[in-house]
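One structure is given below, encoded as structure tokens.
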Amino acid sequence: MRIGVLTAGGDCPGLNAVIRSVVHRAVVDHGDEVIGFEDGFKGLLEARYRKLDIDAVSGILARGGTILGSSRLERGKLREAAANADQLRRDLNLDALIPIGGEGTLTAAHMLSEAGIPVVGVPKTIDNDISATDRTFGFDTAVMVATEAIDRLKTTAESHQRVMVVEVMGRHAGWIALEAGIAGGAHGICIPERPFQIDRLCEMVRERFARGKKFAVVCVAEGARPAEGTMPYERGEIDAYGHERFTGIGNRLAVELEKRLGTEARQVILGHVQRGGTPTAYDRVLATRFGWHAVEAAHRGEFGNMTALRGNEIVMAPLADATSELKTVPQHRMDESEAVY
Amino acid sequence: MRIGVLTAGGDCPGLNAVIRSVVHRAVVDHGDEVIGFEDGFKGLLEARYRKLDIDAVSGILARGGTILGSSRLERGKLREAAANADQLRRDLNLDALIPIGGEGTLTAAHMLSEAGIPVVGVPKTIDNDISATDRTFGFDTAVMVATEAIDRLKTTAESHQRVMVVEVMGRHAGWIALEAGIAGGAHGICIPERPFQIDRLCEMVRERFARGKKFAVVCVAEGARPAEGTMPYERGEIDAYGHERFTGIGNRLAVELEKRLGTEARQVILGHVQRGGTPTAYDRVLATRFGWHAVEAAHRGEFGNMTALRGNEIVMAPLADATSELKTVPQHRMDESEAVY
Amino acid sequence: MRIGVLTAGGDCPGLNAVIRSVVHRAVVDHGDEVIGFEDGFKGLLEARYRKLDIDAVSGILARGGTILGSSRLERGKLREAAANADQLRRDLNLDALIPIGGEGTLTAAHMLSEAGIPVVGVPKTIDNDISATDRTFGFDTAVMVATEAIDRLKTTAESHQRVMVVEVMGRHAGWIALEAGIAGGAHGICIPERPFQIDRLCEMVRERFARGKKFAVVCVAEGARPAEGTMPYERGEIDAYGHERFTGIGNRLAVELEKRLGTEARQVILGHVQRGGTPTAYDRVLATRFGWHAVEAAHRGEFGNMTALRGNEIVMAPLADATSELKTVPQHRMDESEAVY
Amino acid sequence: MRIGVLTAGGDCPGLNAVIRSVVHRAVVDHGDEVIGFEDGFKGLLEARYRKLDIDAVSGILARGGTILGSSRLERGKLREAAANADQLRRDLNLDALIPIGGEGTLTAAHMLSEAGIPVVGVPKTIDNDISATDRTFGFDTAVMVATEAIDRLKTTAESHQRVMVVEVMGRHAGWIALEAGIAGGAHGICIPERPFQIDRLCEMVRERFARGKKFAVVCVAEGARPAEGTMPYERGEIDAYGHERFTGIGNRLAVELEKRLGTEARQVILGHVQRGGTPTAYDRVLATRFGWHAVEAAHRGEFGNMTALRGNEIVMAPLADATSELKTVPQHRMDESEAVY
């Protein structure tokens, strides 16, 4: 077989582990040829690729980023490509295409698949918001980075009688804020799924100070927003999902808390540190398994699917399902910690 | 309610996170009273306990070990206690008992439950070998510690043209060796589930050296053993599971590889470092959820069960199931990496 | 002896290690009594203190923050206290006072010392800008945190063809930016000691992209500023040192680089994560040694001094010298890496 | 200039950082040619080398091991080479040779220098036992790895009422045991410089248990040995330094403590994990500075020297001095903690 692989969309720890696993399984065990397209779908459309043998993936298992590069998706060009899918496939002589990416990438993969390209997708998002799989690689690393930051901030908050507001990634789903908040023992957690009540956060802080715990940590997803009419804020831009996008909610929240409480409040925005660097062991294992199973699915001819984790097993899920619904944090998951939401 | 909590068996990162979560949920939300028995079942039988309020569990979320202590299980005494379960319960005035422990502890918990003590168990083992739950807390931390060690050893192996043998925990199940081996990119993985072929390991090393990769890493579970007649070794003691127990398989393997290959081979035994210290974010979240759900189950009167992870959800599983069968590594999981087994 | 200890000023990993070491040396070896003042000099002036025995400092060696708390220095009140130094000393029955703090604290300590209080200071600053000592504890931890962040950011910058700007602490001295920049392999380093040339930074980025390295990392101290007239910026506030203070230089620099280069540029502000949490081994050793030597100096009656590292040895330096001159980064230290300054 | 660089002796985090720094300074700034000899002096004698340009050292700053490889020193061959130094130099057309290595390497470097090869050495040892420099790179990383292990072991020791014995590297000098012991808060530290008293260790453990601290950690250098006649042990081999070499002192000590105290004692041998993997920020900075200064010294013609850290500055020290005396732990350094020695 001749298998093409590409990485698209935002960065995510574990991408290289998938690429490596695809090459190991396909080249070594099946005797396949593997080519890697550069800069995501762009490389596919421009036929920019390089051969990936076992030496090409040596030493990349634990490395962040992607050796293939990534770039923004150009929908128009992709539609054009889909319209000429047969031509594209023949030109590139592809028996299978393994695109690794998030929601946008998987939607594009689905389109190409419908147009006749033999696609096996691999889901990737640090946000963990893809319904068809229990977890995605990259998420565990992001949570770990955020948790370590909260661990550090707690001691400094305690010594200086401060409220610390930590802004983590998550525009539409609050999984990182939820899990890092629980793991770090944050006292407040604000996520996009539920507008937060500034009053309740203030009350929580006051109650803590009253019983001698003179600090508090609030973990806030970048997409969190206050409940209507509870605190002043400008309306954000409405994005493609119909969600309102805020910039700097961490900062606004810290300012508001300080104003209302008369207690020092400081903010830290973790930003891109969450999506770069060495993946955790968990993410390396999941990424390696996804790569292995994607090759197997290609050899079994199960195209139009993507790899997914269900319990402890890797299964194939239809690409159509992958992007039908965002996996957001349900109420019962918010309940499983004592944090104020 | 008056809820008793205890930790028993070997150390496991996340024990304190469970205790903290139990106290937070029970005391703060339900207004329960929580008492912590000291040194496992010993404290239960000797009525040695202390009240656990919210201050007692402050700052322990990320701390390894257990604030309650632990000690070996005395079966005989436990049976005696089971025989007088009603008395024990009345003396301690217990509405629920939450024992946190591994297979031995859960078996004991089951016995007490059958005798009439209202028990909700929380499974704990760094070995991840309990069938009723997808994963146990402590395991992720152990894998992370082992993976970081392999990461470090790979660079030194490479510079010195060596074979490194890393012995990790796992007497009856090879999960730690499997996942740390995959995450660390070990070239050989030896687990109790499948006697290893020294010939195949040697061949793998030779093949690597032949194509210019002048090092190799083998990750070996402490319970791994060579296939019958393939390499000299003394028979080990037969343990309670009918398994043969080896001590120092890492050392024996390194010596044998060096002898057969004429290449330097060194061993590292990770030992207790794998079971102490700060839990990973993953383990803290799982432990916190287990604690929360154990309290809820107690309030719903669902005794005789233990908390379990299924996919992304926490469910209750009968204690009887928990210990019926050891969860070992199945063949298809070994296949998902290129390592030699 | 009766020894008082206090921590003042901003947070710094290693404070607890000093407190622990003072108690261990004084109480266990000398049979002294040690009292810890709460919230810095405030606790001294208000006679708020608690006895510190060996149990009080158990388990704090690796913990960030300070168990004694800290608060802002009120100069006026301190002068008043100095005017009544004899009274203060008698009231508290102090044989020695060990204040642990940065430049402001040591200046205050010097004032109290001149007024007759028997003081042995311990210098503390993550900025490493105290002349009298080779290094201060806390600095190594801050550099480590910043370096780990740069490590993570490099892989994501590389995958996405970006310039990453990392803003680290350092208002008046660029030590953290210098060492984290070198350790992380930053391609540009901007520090307060030398106004940066935006043109040179742009040229460096272009040169890198031209030879195929399609990313760059710039490490910028919060106190860095552009050379006069080279890029638009509003004048900052002039602080007590006569330095101009900027807020958000990282953000401004990213915006300017993106505008001039037409390449995506992103910023990350590390903030308080640098000054909280577990100290590195280096900082724990230095802090422990400082604490031990402070007690010894008190017993030898060498007051009016502070502990200082010179080469591998701890010596006593006059408090007067401690604050006479800020230790800034000299030219020859900037030369020792290939980064653009 | 044409500069040769090689790495010899045991592995040490930071070697790649030196190589990278030499190339950056020499090639980019001076326009020099740099060649890297493979496998240490072996590559020099066999003229096995490759050209090192800026791309050859890309991405290696944070990587453990050495891209040039290393191998054992063959003294006889080296003497032969020294006898034909002029020939060797002409054949290789070398203007300067920068060997990076420990005591053995520097002794060899000194011999070659005396024979007329223009040498600038760079000292390297995780043991930190070279007199001419305040510190060597690699040491900080080794201490960090050992400290993190002790941190983990403390919690598990505490939960299980155990004595943990941690064996770290250090055959002739106890620096790693000393600093990791202090940083980790070990209660006993055993180093080669001072035969340990098993009685005093037992007394320390008993005293801790008596006051309710039911665990203890002893950090022992691999070269530590018991005081004459205090506990049974077989004489070890006498090594080249006239020191007695022990294997497995950690194990023997654990067995003896358990026997005498009746308390569980467990050992962990950290081994090679201490010398591989990503260097700390401190070691990366020191290694980068050593590389830079080695090139400068070569350009100034200051041969026969090696780089050395004195306080905060890098200076040149005669190679003759480097190896004259091992830098061991002096008494006053043992005093600066409360550990039993």
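For clarity, chains are labelled A, B, C and D in written order, and residue numbers in each chain start from 1.
Note that a contact is a pair of C-beta atoms (placed from the backbone, for glycine too) under 8 Å apart; a residue touches a chain by one contact, two chains touch by 3 or more.
Per UniProt, the chains are A, B, C, D = ATP-dependent 6-phosphofructokinase.
Being a predicted model, the structure only gives us computed values, none of them experimental.
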Chain labels contacting subunit B and also subunit D = none
Request  = State the chain with the largest centre-to-centre distance from subunit A, centres being mean CA positions.
outcome  = D
For subunit A paired with subunit B, centre-to-centre distance based on mean C-alpha positions, whole Å = 29
Request  = For subunit B and subunit C, let me know how many angstrom lie between their CA-based centres, rounded off.
outcome  = 41
Task = Note the residues in subunit D that touch 2 or more other chains, in rising order.
result = 151
Residue numbers on subunit A that touch subunit B, as the complex places them = 21, 24-25, 28-29, 58, 61-62, 134-135, 140, 143-144, 146-147, 151, 179-180, 182-185, 213, 280-282, 284-285, 288-289, 292-293, 310-312, 314, 335-338
Inquiry  = List the residues on subunit A that touch subunit C in their complex, please.
reply    = 7, 10-11, 15, 63-66, 69-71, 145, 148-149, 151-161, 164, 266-273, 275-278
